[in-house]
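Listed below are the structures to be examined.
Look for chain A in each of the two complexes below; its partner is chain B in the first and chain C in the second.
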Partner chain A sequence: MPPQPRPLGGQSPPVEQAPACGVDPAKLCQGEYAIRVKSHIAVLAAPLLTGCGGRHSWLAGAGAEARIIETLFWPFLFGAAVLWLAVMALAIAAFRSRREETRGLVRAIIIGGGAIVPGIIVAALLVIGLVTLRALAAMQPGLSVQVDGEQWWWRVVYDTPAGAVVTANEIRLPRGETAELLLSSDDVIHAFWAPALGGKMDMIPGRTNRLTLTPLTPGSWGGLCAEYCGGAHAQMRFDVTVMEPAAFGDWLAAEAEPASAQALARQDGLSVFLDSGCGACHSVRGTEAAGQVGPDLTHFAARQRLGAGIAPLTDAALRRWITRTQDMKPGVEMPAYPDLSPEALDALVGFLMALK
Partner chain B sequence: MKRRHRHIALAAAFLPVAAAAFWFAAPYNIAASVEHYAPIRALLNGYMKNAVAIRAARTEPPDWFDPDDPALIRLGAGHFATGCAACHGAPGRPRSPVVRGMLPEPTRLESAQYSTGEYYWLARHGLKYTGMPGWAGEGRDDEPWALAAFLGNYAALSPGDYHDLAWGPSPPPSDAAAMTLGGVAGPQTPFDGCARCHGRDGLGRDGTAPKLAGQSAEYLAAALDAYAGNRRQSGFMEPVAAALSPRLRAELARRFAGMPPASPVPDGAPPPGDAARGRTLAERGDEHDEIPSCIACHGGDGTAPRAPDIPRLAGQDARWIVVWLRMWRDGPIPDTPGAPRMAAAARGLDDDEIADLAAFYSTAASAGANRER
Partner chain C sequence: MTYPRLIDDGSVWIVVIPPVIWAAHFLTCYWVAAVWCASGAAPLTPVVWAIAAITVAALGGIGWAAVVAVRRYGGLRRPGRHVSRDEPEGRKAFLGHVALLLASLNGVAVLFTALPVLVFRQC
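Moving on to the complex of A and B:
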């Protein structure tokens, strides 16, 4: 049997079992050979193609900006392919030709291929790029969201007529509306990137960068910090949830409210939360917890994920986060609470999971 | 020329053999009962003095260190009675005859000629091959300065002065008797031992030691247990806590916890920080420097901690608050369950903010007077 190419990614696509064919197992039948070649191509291509789908793919085209960038990508790719073919053709021709024959051509190739053709190509790309940039800049935002990068999470503040609405680690946006993201940082340089929706942009301490996103496809899209920012950089993620405008309006109104009465009725859990000093860093509006250092937890349980997008928000994950914080996210600034009694932990988790 | 080289080579080959023979046969008597030869004694003595002087010269005292601060001198005296007097004697107290059998004999400090920095270095690090131990609280670079302050004033102390400093309100062991080895045991009770520094009212003898009155019994017992188990570092507290049985530690914790906290009366100059800024920081924290609020755990004005394992801060002496916050920031971090939380809280503080917090909490209102959340 020929050696199997090893899949590059984690998933190994199905490889057909060699059917019994003749006496010699090392000898392949003709049809089988064709299947095998195909499967080899599949094995090689699958890991490459997995990058083209999913919630982190810029080819998902979930936002107008991502689509604009995609339209920029194809001409670039086409141009690059043409150039590559031309250079390869020239290289082959150069190997085949004799020196005397090409003497007259050299000057033309140097001037044409070194100055004129690249000049035309770069000028054309510049025009395409500027037109694209103009299209990106022309998007008129209807919603303004301030996003601050922190080590290692995201502070999200919606600017609404009724005042600022503070949340963290999950950004919800209305479908079809252009949102303006005002990006900054409180410590080191981070970069905001929700690939499915648009380009990435640096978050620089002391200045505000503006990025517009116009989501088109409802759903949950992934985002991440795209600039190394310290130990837990790889665990600095977020979710962008694209909602229908009406549902988004309802959500934003709910997010502006203090913690639900249902959560505040869980007196035991609230006491554990306050007496353990959680309020020194976290805010839960409607209680005396008003800390500004860490993520606002007023509607914590309405988020999909925990610890800045690193784990689905479940009871078990939350317990682990509270008691073994450093294990889940090494370097995180939140200290762990391994010494909470089981009853206190139950009450605390119950309270937090009720913060819808 | 060649011949000379051959001699040198022979000597070089012989030297290790001679050294090995010396090591094996051990002709130099290391018995403490036999004095050093005079040249060797002078050599060792001189080397020790040089080593101490050079290292002490590189040691900077912390900004809060005042060699004439009475509270610091009392604290140093209190620890001297616990940890040093057994070997070095004390004003009016001869050394135990056992100690006089040591070689080198522990120095009588009346006639010692060390600078404050040298006393600090000696107390912090000790001396190899002499029986002089390093500081019992690992990493507590701040604590031995109290001893340096005390020893800087040692020569001028009468036996009465010393008793007042080291024993304060507690009855000292019988006067003029030789020191006993193995602790400060005298006719006193364990409570008398605590009261030497913390006061019989638990109010800390004007800043000598932290105020214990008004702390919860849980907090005090946990602190004593941590000191006794080497999970919390302090050269002052570890020796005394380790000498107490767990039952006794719990009993003493209850006794001090039951004492009424006094309203803080700022005596003398106000602390250097800005109390108003300290209050703002304590109440709100600082989002940009990652400083959580203090009140979320320690309560509104530091009088009513949120949980029994959290200490009361109101009215503590400013110097103690500075020393603690720097310890929480720079280490050594105790090995206790809540310690990572306090360490995380202190991580972002700078020295000015620590001074502000010390000014606020040392003058914070007494219980009930100004409680706010």
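Moving on to the complex of A and C:
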């Protein structure tokens, strides 16, 4: 095999493919070792760097609140870096110092560097932080959305002049408008966090916490539960879909409607749904299913993801969800239905996917 | 020696007073704001004045403790003097020193506690 140029970073190919480095494939020559180390650093750094882009990045600037927080982050980071460098420089200077009489200097460093300078810095940070908080609290909302954390999904209720519109696991918001999220919980403490759009807020049983989001960039942004809440906590996710205001209005009007006629026309699927007892936990408005334990499924197929944001909503994923629920989301509070006949499953999936 | 010695020379109480004032100030501020906000979202102005008054009182108390401490310590700075033996003079100076440091720390802490009401105008 001819020697191949090896790319730095990323996954390095197995050692055997590099005959240039000697007869024994188990031994690495020096250059090889350096490349190895570099690629390991790259592998270690990759998760850190991927945090800087994409749907979950709080540096994406997709919301006014996220931008306010970002303006706080850079000065803090800069200040911390300057302090760190100063302390390191001082430490090096102390190691190298050959001075005999240092008592006065030590006293100055302890009083200045130990009390006065930190006091001033902490006071400044406090004031900047408070001013930021005040800016966040001053946003005036035009839309009110109630979000309840449940183990391990999100109940979403839009408060509209025509009444409450119930949905789940996906929050749609109009671009450029401030929405007020009223956060609560029915079981344990959860925390609501859509990093690209704004701050993080706890959801506490018996309390309502208020968080505003002012999305600026249309798109689909990711969110997650940020407070450990039990077994499936890591799979408690959601989407925030930011739409143009007109499209949002249309969506909200459609969401307020009962299930579509196309779905209700799928008689056999609907009867599998009702006969299997799904309606004890799930609501599909326009049918007799009115359960409140699980997510509202009236417009289930209009969502992009399944099972509180854990998988893209496809036919195959939905089949797996129904037949092997625990495998997909260990700990989930929905029973699996492994014993549905293939025909019944086909009909049921067809019905659910028609719930646009 | 007669007991209880409250605030006379050599007593440890002077060390305890500044932190106690800080704690009382912290708790009172919390209570005032919580009670006011729970009874309706009225303007915050009375709370601001109440907390300002409590803060001035707390700083006064801590200042007084600091003055006593300075007197015990024998000045603001006493470089070069060491307490090496167990004698009343040294004890008094040591407690004065500790009390003085605590008083300055708690003075700053009281100010930090009061800062938010100056920034926020609503509950």
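Definition applied: the second predicted complex is superposed on the first by the 307 of 356 C-alpha atoms of A that agree within 3 Å, B and C clash if a C-alpha of one lies under 4 Å from a C-alpha of the other, contacts with A are read in each partner's own complex, and residues count from 1 in each chain.
As a working rule, a contact is a pair of C-beta atoms (placed from the backbone, for glycine too) under 8 Å apart; a residue touches a chain by one contact, two chains touch by 3 or more.
Keep in mind that this is a model prediction, so the values were computed, not measured.
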| item | value |
| --- | --- |
| Chain A as common anchor, with chain B and chain C clashing or fitting | fit |
| Angle at chain A between chain B and chain C, C-alpha centres, nearest 10 degrees | 100 |
| Touch count on chain A, higher of chain B and chain C | B |
| Least C-alpha distance (whole Å) that remains between chain C and chain B when both complexes are overlaid | 26 |
| Common interface positions of chain A, toward chain B and toward chain C | none |
| For the chain C and chain A complex, residues of the former touching the latter | 79, 104, 108, 111-112, 115-116, 119-120, 122 |
| Interfacial residue positions of chain A with respect to chain C in the complex | 103, 107, 115, 119, 122-123, 126-127, 130-131, 133-134, 137 |
| Sites on chain B touched by chain A in the complex | 284-288, 290-297, 306-307, 310, 337-338, 340-341, 343-345, 347, 373 |
| Chain B contact footprint on chain A (complex, rising order) | 186, 274-281, 288-293, 333-339 |
